[in-house]
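The two complexes that follow have chain A in common; it is paired with chain B in the first and with chain C in the second.
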Partner chain A sequence: MVAKGLPVETPSRRLRAARAWRRNRFAYALVLPALLFMLAVHIAPTAAGIYVAFLDVNLFTFHLLFRAPWVGLENFRDILFESENPLRPGFIDAVRNTISYTAWTVGITLSAGLGIALLLNRQFPGRRVARTLMIAPWVVPSFVAALLWQFMWQSDTGIINRVLVDYLHLLDERPIWLLGENSIWAIIVPTIWRGLPFVILVFLAGLQAIPDELYEAAAIDGAGPWQRFRYITLPLLRPLIAIQLLFGVIYAAYQFSIPFVMLGSNPGPYADLLMTLIVRQAFTNQLIGYGAAISTLMMIAMLLWVAVWYRAFRRDLVTA
Partner chain B sequence: MTALQLSPRWGRRLGNWGLNLLTYAVVALLLAPVAWLVFGAFQTDADLANGTYDFLHPTTAAFREMWDTVDFERYFVNSLVICSVAALLATAFASSAGYALARFRFRGADAFSLTVVGTQLIPGSMFLLPIFLGFIWLNQNTPVQLYDTRLGLILVYTAFFTPLSIYLMRAFFVAVPRELEEAALVDGCTRFSAFIRVVLPNALPGIIATYVYAFLFAWDELLFAATLTERNSETIPIGIRTFISNYNQEYAQLLAAGVVATVPVMVAFFATQRWLVRGLTAGAVKG
Partner chain C sequence: MGRRVNRRALTLVVVLAIALVPLTVLPAAMARTEAPNVTLRLWIMNNGPEPVRDTERIVAPFERQTGINVQVELVGWDVQFQRISNAALSGQAPDVTQAGTTQVPFFAMTRGFENVAKRVGEIGGRKAYAPGVWATSGMAGSSSVWGIPWFTEARTIYYRKDIYRRAGINPKTAFKDWASFKRTLTRLKRVSSFNGRPVAPFGQPGKTAWDLVHHIMPFVWGAGGSELAKNRRSSAITSPAAIQGVKYFADLIPSGVFLKSSLERNAPQVEEQFKGGRIATWIGGPWVLASAKRADDEAWVREARGNIGVAQMPVGPTGKFYTFVGGSNLMMFKSSRHKTEAWRLIKYLSRDDVQLQYARIMGMFPARLAPQRKQGKVDANQRAFYTAITHGRTYAPIPQWGPIENVYKTRFGNILDMAAGQGRNPYNRSTLVAELQAAAREANALLAQGG
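Right, the complex of A and B next:
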């Protein structure tokens, strides 16, 4: 597009085209290195990954790599419909766990993050220090966070049971956190803990962008704190909430580090997520085609999520 | 009743102090695990196991022992080399691409932006599996060695963290006033030299923030490191797991290793925090 303005004299079309090309040529050169890398590492491999989902790459055909036998939709059929297939129950467990993991982590992180941002946005002694320090969990690498929590969750020696059982006497028995039904919470809690600071930062920036006059005018009109939150803060933060929700769900669904570091390559039926399942099947059991097929299904699921999200928040994007 | 009734001003003040206390409690709760990481690293394994914590007499034994227990130095050096080089390349590519998106309306700009966001929708495993097969194929059939080498991880990480860096850099370049370049162009600079000599220096805080940001994310990466390395180029997230699997009771060392793995990113973050937070939130606020 040609820049807007009032040209004194209209240059000839050819001259304009030549100038546009000259300007664009520079832009293309600037974009080229990033584009090449993304082509080589994201786009071409993704296409190849979808192709591999149709191959039977297992322990015996692994040496053939991309020339492994073509089996059509068999991988997908095994995962989705073949109740005889031993791999299918594991897949169903992982889908269920990934959905509840994603819903809990994103739901709690966003709502608690907004609440804490409102608290930190008030004037109080130590505001600056508190707002700086609260970032710390996000700066701890997630693998360190996972190891740290794995240690804290230990049934006999971990600090969490010490506090709950020995110091506060809230529970009579020491729960086992890292095995069985509790283990999904053992990975949800650290994820929320580590995700909160970033969400708080974004909401704080959003809260500061809301002009004080709006609140003052509403207060004059007799709006209480809840009404001001409901009719000013929340609508103005909606675009931010939308963006956080979009990426929060994607990152949570693709979570790998925390369950893998905390619970190992096989977190068990209660905490196995899709990513740990894929990596275990593809690399420990060398079922690469199977892993690629699940990855393809995950990508389709995320595209559907983006479509749903877009329908829900389309109007907010225009105002954002 | 009247004696107990508070004047509205006192009521509000009490409510305020209640909220202040809640704020402190929440911040304390967020910080408690970090504090536990640091305190625990200065305890002995026995004290951690028995609950006989001794905060008054910290010991640095765990820090000294951890380097001998596993080859932590190798993991540390690998992480440092791989992450700093990959973050540098990603920042360089993101600077030029982000500038193009911020300043030029070129054919394909929207498609390119969409691709940049689109890469975030792909599960890592989707491109990990073909990259893994491809690296193995290259190792077997060509002299190009990418599997289990630093170079292989550097290439993957560079691409991995370029898209988000592009978004950050674009936001920073939009904030650089156009007049600066226009003045440089009037003075006879070419577009390229205006970019290098005028725009880049003005976007320096943004560039540093993007570098630190890419470094932080690369430092944290586990999926590719876990699958594309075997025994030469493993990074800290891989190496640190050997503390649990092989040395189950040595939690003090594990925590000490955790502290050592956290310090570089903590320092990088808090040294550049002003710009980093602005960049991260600017990108998010503008959407």
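Right, the complex of A and C next:
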């Protein structure tokens, strides 16, 4: 007990830090290997990638790599503002296609995933079989899925045109899906098909965690199906929607395997995504500085997306 | 006493014998183990249906003769450029690698490869190879030799003899020049199906084909155009002759002789369409002839397998015909710790008999003149390929060619898509020229990197 009026001797900051260190050092020791591993396999390559974006690494300086001439922001200026740069139109096409691809795949995957999860959450005969079938595409690797869809989209022998033209007679002539403007849809549909099962699974788990009593009480109070969905289901699923949205956008923006396998290294001006553009320019055309600059811009765009997302869903994460 | 002497002598003999054992046995043991200690790593690409097993068969006599082990490792064509570049840069590399002929100048630029100019006399030097083939061994304006030509290939026209017969077309005049080639394809439209299968006059892959440029450039050359200006400092793909060549090829699509769906497919898939009897005419390499003889290649339908005809590319407005000649070279990594043994392997693979044997297994052509001639005498189709190789042309041996070829591939692909009616822009001369101008701008930017 400290007598009133006497000066209180507070421990110095250094002492407090030493005590905290002693208290937590075992935890630090446990975290250290993971931290070192992350530094080696994640932080260091990322930093190296950003550094290369400021260098002129091309065919003739490739062997120098990190010792290539420093060009400052020139790679970024060329991509963003230099109208004479012959690569700029391709970059703008890729940005437009990536935004469109991301919006459609994430939008449809989340809304269709929620709709199917609501259906699968109801009691009906064969529910287990339906659930298993819905989840099946998830086990197919992206590479295989892309290859299968490439065969399915082929205009003369593919099953899609057979169904649309020969069996259902919905179209008069066979559309060419893998060329021109249709090609963006040729990659959007398999991405949705591949991504849907995981979304369904997560939403289904979320729906099963909502107590039935809430719906019963709402029904007694006269709430209809739409109101129950609007005021009970949707708010309680918001944390799950937030997480799916975050990862869905990042996954779609960084998509590479599906367009690459289906359309090759040059998917054309209507389906070239940022990742296929980066790989083609950096590794096939050896414009590594240019590719690194686009990768850095993409990383900044994703960080901005995470910031916007965090601002929008912060409260949901806290309550979750 | 005598006994004691004998005993002493016996002990001495035993000691000497024991001492001599290492002196007699060790050298023999060392002689056996010295050579097997050397294991060379050889990177190869997908040169045939079973590339590793076939290459192992080819190098087995070398291993027996020299005691040097050769570890054959497969690197896919889709990743080989990056893997070889990384290996050259990092020094974590095999001893010898196969490389595409047009890639040699770029790999040489990485400074990760050995200049073998001083050794090439041992394999007959440049005289043992056709000038066009030898040109792929180094870089323009340099006497250094970075890659020894291993095997060669050229592009010719494949056609179905039976379908041509049904259409009443004489193959001897069918491919004479551009006009007759177009007439031939138009006439083939009469045969819409053959043996119950729908058949199209002509088919080629589009933008997904890694070798799209090899199929279009012969028409550019035939019109008198070129991929680059003579000084190799700027693109020549927008010259009137080059435009004429590209336009001739692309015009086949709206004329209705070109199977549009082949543009959606990659090169092996269109090859299978020819094997499966879906297309009557197709441009391809010599490996298809070899695959027709393999019973395990089930892509062939019986009538296609037995009716293959090979013809030269049609003569262009210049009065000459050209085709692309490519293939692969062998390059020795600077980081190799067994350079002498690695060179012995390259030397062995450059022997006329070994080249002939390997080329026959893979369905390619030997790179050296003497076995090339021998292979050209096998039958009429092989003779056609031999003629194609001797008339063939390759691209400028400069480090920027690989990326420039990729830029041309992208733009040619866009042109073919437009010609197929796909995309926002209509297909006409001005949209075609706009794509070629975009290709030239990108190519010029790449050429400017050289200073």
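The definition used in the following text is that the second predicted complex is superposed on the first by the 293 of 320 C-alpha atoms of A that agree within 3 Å, B and C clash if a C-alpha of one lies under 4 Å from a C-alpha of the other, contacts with A are read in each partner's own complex, and residues count from 1 in each chain.
Following the convention adopted for this analysis, contacts are C-beta pairs under 8 Å (C-beta built on N, C-alpha and C of every residue); 3 or more make two chains touch, one makes a residue touch a chain.
Please read all numbers here as calculations on a predicted model, not as lab measurements.
Trainee: Examine A:L114 and indicate which partner it touches, taking first as chain B and second as chain C; both and neither are also allowed.
Mentor: It touches nothing on chain B or chain C.
Trainee: Examine A:P86 and indicate which partner it touches, taking first as chain B and second as chain C; both and neither are also allowed.
Mentor: It touches chain C, and chain B stays clear.
Trainee: Taking the superposition as given, does A:F283 touch the first partner, chain B, the second, chain C, both, or neither?
Mentor: Both partners.
Trainee: Please work out whether A:I188 is in contact with chain B alone, chain C alone, both, or neither, and reply first, second, both or neither.
Mentor: In the superposition, A:I188 touches no partner, neither chain B nor chain C.
Trainee: Count the residues of chain A touched by chain B and by chain C, then name the partner with the higher count.
Mentor: Tallying touched residues of chain A, the top partner is B.
Trainee: Should A:I241 be classified as contacting the first partner (chain B), the second (chain C), both, or neither?
Mentor: Neither: A:I241 stays clear of chain B and chain C.
Trainee: Determine, under the contact definition given at the top, whether A:V202 touches first (chain B), second (chain C), both, or neither.
Mentor: first
Trainee: I'd like to know which partner A:L179 touches here: chain B for first, chain C for second, both or neither.
Mentor: A:L179 sits against chain C, while chain B stays out of touch.
Trainee: Output check: A:P269 vs chain B and chain C. Expected answer is one of first, second, both, neither. What do you get?
Mentor: In the superposed model, A:P269 contacts chain C only, not chain B.
Trainee: Just to be sure I follow: which residues of chain A are touched by chain B in one complex and then by chain C in the other one?
Mentor: After superposing on chain A, chain A residues 65, 157, 264, 283 contact both chain B and chain C.
Trainee: Sort out for me which residues of chain C touch chain A in the complex.
Mentor: Residue positions touching the partner: 81-82, 85, 88-89, 106, 109-112, 206-208, 260-261, 263-266, 399-400, 402-403, 406-407, 409-410, 413-414, 417, 420-424, 438, 441-442, 444-446, 449-451.
Trainee: Would you pull the chain B residues touching chain A in the complex into a rising list?
Mentor: Interface residues on chain B, with respect to chain A: 16, 19-20, 22-24, 26-27, 30-31, 33-34, 36-37, 40, 48-51, 92-94, 96-97, 99-101, 103-107, 109, 112, 115-116, 119-134, 136-137, 155-156, 158-160, 162-163, 166, 191-192, 195, 216, 219-220, 222-223, 226-227, 236-237, 240-241, 243-245, 251, 254-255, 258, 261-262, 265-266, 269-270, 273, 277, 280-282, 284-287.
Trainee: Could you list, by residue number, the parts of chain A that touch chain C in their complex?
Mentor: Per the stated touch rule, the residues are 58-60, 62-63, 65, 85-87, 89, 153-157, 176-182, 263-266, 268-270, 280, 283-287.
Trainee: What part of chain A is in contact with chain B in the complex they form?
Mentor: Residues 1, 3, 23-24, 26-31, 33-35, 37-38, 40-46, 48-52, 57, 65-66, 116, 119-120, 122, 124-126, 130, 132-137, 139-145, 147-152, 157, 159, 162, 166, 193, 196-198, 201-202, 204-206, 209, 239-240, 243-244, 247, 250, 253-254, 256-257, 260-261, 264, 275, 278-279, 282-283, 288, 291-292, 294-296, 298-299, 302-303, 306, 317, 320.
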